[in-house]
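Look for chain A in each of the two complexes below; its partner is chain B in the first and chain C in the second.
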Partner chain A sequence: MKISYYPGCTLKSKARNFEDSALASLAALGFEVTELERWNCCGALFSLTTDDLLHQLAPVRVLIRAQQAGAGKVTTLCSQCYNTLARANRLMREDEEKRNTLNQFMTEEPDYHGQVEVVHFLQLLRDEIGWERIRAALKRPLTGLKVAPFYGCMLLRPKEVGIDSPVKPSILMDFIAALGATPTDFAAAEECCGAYQVLAAPEAGLKRTRRVVEAARASGVDALVLSCPLCEYNIGKQQQELAAPGGALPVFYFSQLLAVALGAAEESCRFDLNAAGARELLEERGLIAAAARK
Partner chain B sequence: MTTVKTGIAAELIPIYIMGKRYLVPEALTIMKAIEYAGYQFIRGCGCRGGVCGACSTVFRREGDYKIYSGLACQTVVEPNMHLAQIPFYPALRRPYDYAAAVADGAIVAQLYPEVFRCVACNACTKICPMDVQVMDYIGALKRGDLALAASISFDCIQCGLCASRCMAEIPQYHVAQLARRLYGGKLAPRAEHLAAMVGRISSGAYRALLGELKTMSAKQLREVYTGRQMEPAMTDESWRPDENVGL
Partner chain C sequence: MSVFIPLGVLDDAVIRKIAEISGENAGRCMQCGTCSAVCPMVESMQPSVRQLMLLLQHGQSGAALEASTAWTCAACHTCLVRCPRGIDIPRVMEAIRQMVLRENLDRINPRGIPAETLAAVPPIALVAAFRKLTA
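For the complex of A and B:
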C-alpha cells in the first residue's frame, strides 16, 4: 500500500522526533510513504470566522496539491494539520457558495470539490493496518509501561472531523494496548493543553500544564503519548516551568513508542528533542540501550 | 485599435504610459517604447538584457482586470496595454552578521517574522516576471528548509514585485537572498575540485606555462588560441581533450 503524506512545517523543524519515528515505523510495517512533492503550511488553525475565506486558502491549496499528486487520501501526523485540513475539506465539500468563491479566487489552480480524503496517521493504523498486524510485528513489546493517552482537542473536536468519539475515545488506548503497554486512562485526557495561551497568557497556560500533569500522576502513569507538537510543548517542555515534585512526567509522540516497540532504529526516535525524562524512562525499563553519558 | 502608417516599416500602436496615451512603433520593447515616447531613464534601467531586474513593469491588457508583469527591456508592447514602471520597492532588508549566522530556519524567523503571516494567497507567484514559485519558497522557509528555498528562488532578479503584491507585507526577495547566501556559504557541499585547482595555481604549477605565453608574439598567441582543440557541439560530460597542458 502506498501512502500519500503531508508532513506540515513543525514536523520538519522542531518535531523531527515525531516525523522520523512515524516514517521509520511505517517502513518497519512494510509501507511505502510518499511525501507530497509540493506543499505549503496548512494554515495552522481553522478560522472560525465564517466569512474569513482568506484563511482557507492555505489548507485548500494543500488539498489541491494532494489531488494533483493523484492521491485519493492524504495522511497527516500533526493533530493540528489534520484538524485544519479536514475542516477545510468539509467546507469545500459542503458549502457550494464558499467553494465557488475559493475556486474563483485561485484561478491558477484546478477547481477543487473535496475529492481528497484527509486521514490521520492513527486512523491509518486503526482502520487500514489494524492493531492485530501491529501486535504481530512487535519486536520489543512495552510490557509493564503504564501509558496514558493525551488526545487534546484537535483529534476529537469538532465531532464532524474527530477521529473518534469526542467524549469517550478509545483509539489511543487501543494503540497503547497494541504495543504491549498498559493503557491507563486519566481524568484530563481529552482536555485542552493550553494551546497558544503560552504566548498570550503564560500563567493561564501553565495552569493547564499543571492540571494535566497532576491528573496523570494521580492515575499512576509512567508516561503520556500525544499527537500534537503544540500539546507536546505545553505538556512536555513547559513542565520545566512547574518544578513539579517527583520530577518530570515523560511525554512522547505516539509514533516514538511505536518505533521502539517495532524495533526501528533508535536514531529515528530523536529522543534528544523530547523534554527531560523521556529517554531516561525507556532506558530504565530496558526498552532502549542506555546512551553514553557526556 | 488605432493604427497609423508611417515611413518606417513598423506600424504605430497606442499604449498608455501611466494613464497617458502614446503612439509607439509595434515590436518595440516596453523600455524602448517609453524612451520613444520621450521619457529618459535615470534609474529603473540597468542591463537591458533581462538579467538585472531593475526595470519591472506592471501592466494590464485592454478590458482585462488581471495585472501582468514583465521586465521592460524584455517585454514587447501590445496595442492598448496600460503600464507603469516599478523601479524600486521600499521593502525592509534586515542587516545581520553573516559570519556569526547559523544556517537554519531559526534565523529566518528571527530576522523576518513576517514570513509567518503568509496565508498562501499566491499573489507573489502570480506577479513574478521570472515565473519563480515565490509562495512555495516562502512555504519552504516557514518549515526552515533553506536548501529548498535557495533552489526554488534561484532565478530571482530582486525586482521586488512580489513584495509589492503581498498582503502580509513580506519582503520575499530579501528573505530568499538570505536563504541563498546562507545555503551557498554554509550548507552547500564545497567544490573540492575548485580548492584543488586553486591549490595547484598557488603552488606555482602553472607559472612556467604562463611565462611561456608571455614571451609569445601576438601572431603566435593567435595561432595557439585558434589552433586549440574545441569541444564538439554535440557531446556529453565524458568528453576530454587529447592534450590538456594548461590544466
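For the complex of A and C:
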C-alpha cells in the first residue's frame, strides 16, 4: 500500500533536523514513503467549534491530496499535524452533514469520505516496521543512555485519535528500548509543554518548561525524546530562559536518536538545530564522532 | 477568588450559547474539581477551570469571558480525558474564546511580538497562537 508523507510547514524550516533524520532512518530501514507533491499547512490545531467549518478546509484538503496521490495512508512527524489531520479525517468519516457541506463547498476538489488513514510516524515504526526489525538493523545501539519520553498532548489526546493510551502510554518507551537505550519514565511525560502560550502567556509557558525539566532531572535522565516542534521549542530552547543550574537537559526528536542508532549519515541529524547540550551528550557518550564538530 | 453565586433562577443563556458554538453542555458539570486538579496551566489561571464552569452554570457570562481561564488554556485536552462527566472542556474553552473573538477582538497582537521571538519560534507556534487567539 502506498504511504504518503505530509511534512507540514515547520518540518521544512525550523525542524529540518526532525524531517531529515526521519527520512534517513526510513531509508536505512528500507521502508518507503512518498512526500505529497502539493500540500498546505494543516492549521496546526483542530478547530473545536461545531458551528463553523472554515478551519476544517485546510486539513481536509491535505487528506484529499493524499487520496489523489493514490495513498492508502498518510503519515506525519509533527504531533500537531497528526492530531489535526486525524481529527479532520474522523469528521469526514463520521459526520455526514458536515462531510456533505465541506464537499459541496470544495467543488474544485474530488469528494472525500475519509478513505485515507492518518498515521503518525511512530505508528509506522511500531505497526508496519516493528520494533524487532529496528532492533535487527541497529548499527550503534544507544547502550547506557537513559532516555525519557515526552509525549506532550497531541499524540495521546483525545483518545479517539491517540496513538496509545491517553493515561498510560508505552509507545515511546518501547521505541527507546528498541534503540538499545534505557527507557526511563518520569512524572511529566504526558503533560503539556505550554503550547502556543509561549507567545501569549510566556510566564505561564515557562512554568511548564521548568516543571518538565525538573521532573526529568529528578528521574536522573540523560535526555528527552519528543515528536513535536513546539514541544521541542518549549522544552528544549526555552531552557535558556530558566538559567537552571546543572546545564541544559538535552532534548531530541525521536527520529534523531533513531538515525544515530541505525548508523545513518550524521548530516541527516542536523544537531546544529537542536537546543544546547544535545550534540555534546552524544559526543561524550561516543555515539557520534566529536571530530565532526565545527 | 471568591465565586459569586446568585440566588434565584439560574440563567442558562450562556450555557446555550456555548452549546451552539461547541456542541458541549457545560450545565452537566458536577463541580468535582478534577479538571482543575489535572490542568497544567491552572496555576496561571484566575479563576480555575472548575470555577469557570460554575460561573457559566450561574449565567455569569461577563465574568467568564473576562476571566483569564480560557485565554491561558493551552488546549492540551488533559481535562477532557479525566472529567468524570465526560465534558469536552477544551470545547467549552474554545466557545468562550470564540464569543470574544467573533466580536473582532484579538487577544494577541502579531505586531507586538518582538522580532527576536519571531525569528526564534517555530512556525507552528505562530499558526497555533493566531488560530486560538485572533478573530
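Here is the rule we use: the second predicted complex is superposed on the first by the 287 of 294 C-alpha atoms of A that agree within 3 Å, B and C clash if a C-alpha of one lies under 4 Å from a C-alpha of the other, contacts with A are read in each partner's own complex, and residues count from 1 in each chain.
Note that in this section contacts are C-beta pairs under 8 Å (C-beta built on N, C-alpha and C of every residue); 3 or more make two chains touch, one makes a residue touch a chain.
Just so we're clear, the structure is a prediction, and the values are computed from it rather than from any experiment.
Once the two complexes are laid over each other on the shared chain, residue contacts for A:Leu102 go to neither chain B nor chain C. Contacts of A:Gly194 after superposition: chain C is touched, whereas chain B is not reached. Look at A:Leu142: by the touch rule set out above, it reaches neither chain B nor chain C.
Once the two complexes are laid over each other on the shared chain, residue contacts for A:Trp39 go to chain B alone; chain C is not touched. Applying the stated contact rule after C-alpha superposition, one finds that A:Val225 touches neither chain B nor chain C. In the superposition on chain A, contact of A:Arg61 is made with chain B only, not with chain C. Put chain B and chain C next to each other and count what each touches on chain A; the higher total goes to C.
Looking at the shared chain after the overlay, A:Lys237 reaches chain C, while chain B stays out of its contact range. Look at A:Glu203: by the touch rule set out above, it reaches chain C but stays clear of chain B. When both complexes are overlaid on chain A, the residue A:Val260 reaches neither chain B nor chain C. The interface of chain A with chain B overlaps its interface with chain C at residues 8-10, 13, 41, 43, 55.
Residues of chain C touching chain A in their complex: 20-23, 40-41, 43-44, 71-72, 74-78, 80-81, 88, 90-91, 93-95, 98, 107-108, 113, 117, 120-129, 131-133. By the touch criterion given at the top, residues 8-10, 13-15, 41, 43-45, 47-52, 55, 78, 80, 153, 157-159, 166-167, 190-192, 194-201, 203-204, 207-208, 211, 228-230, 232-233, 237 of chain A touch chain C in their complex.
The part of chain B that touches chain A in the complex is made up of residues 105, 118-122, 125-126, 135-136, 139, 142-145. Per the touch definition, chain A reaches chain B in the complex via residues 8-10, 12-13, 38-41, 43, 54-55, 57-58, 61, 106, 108.
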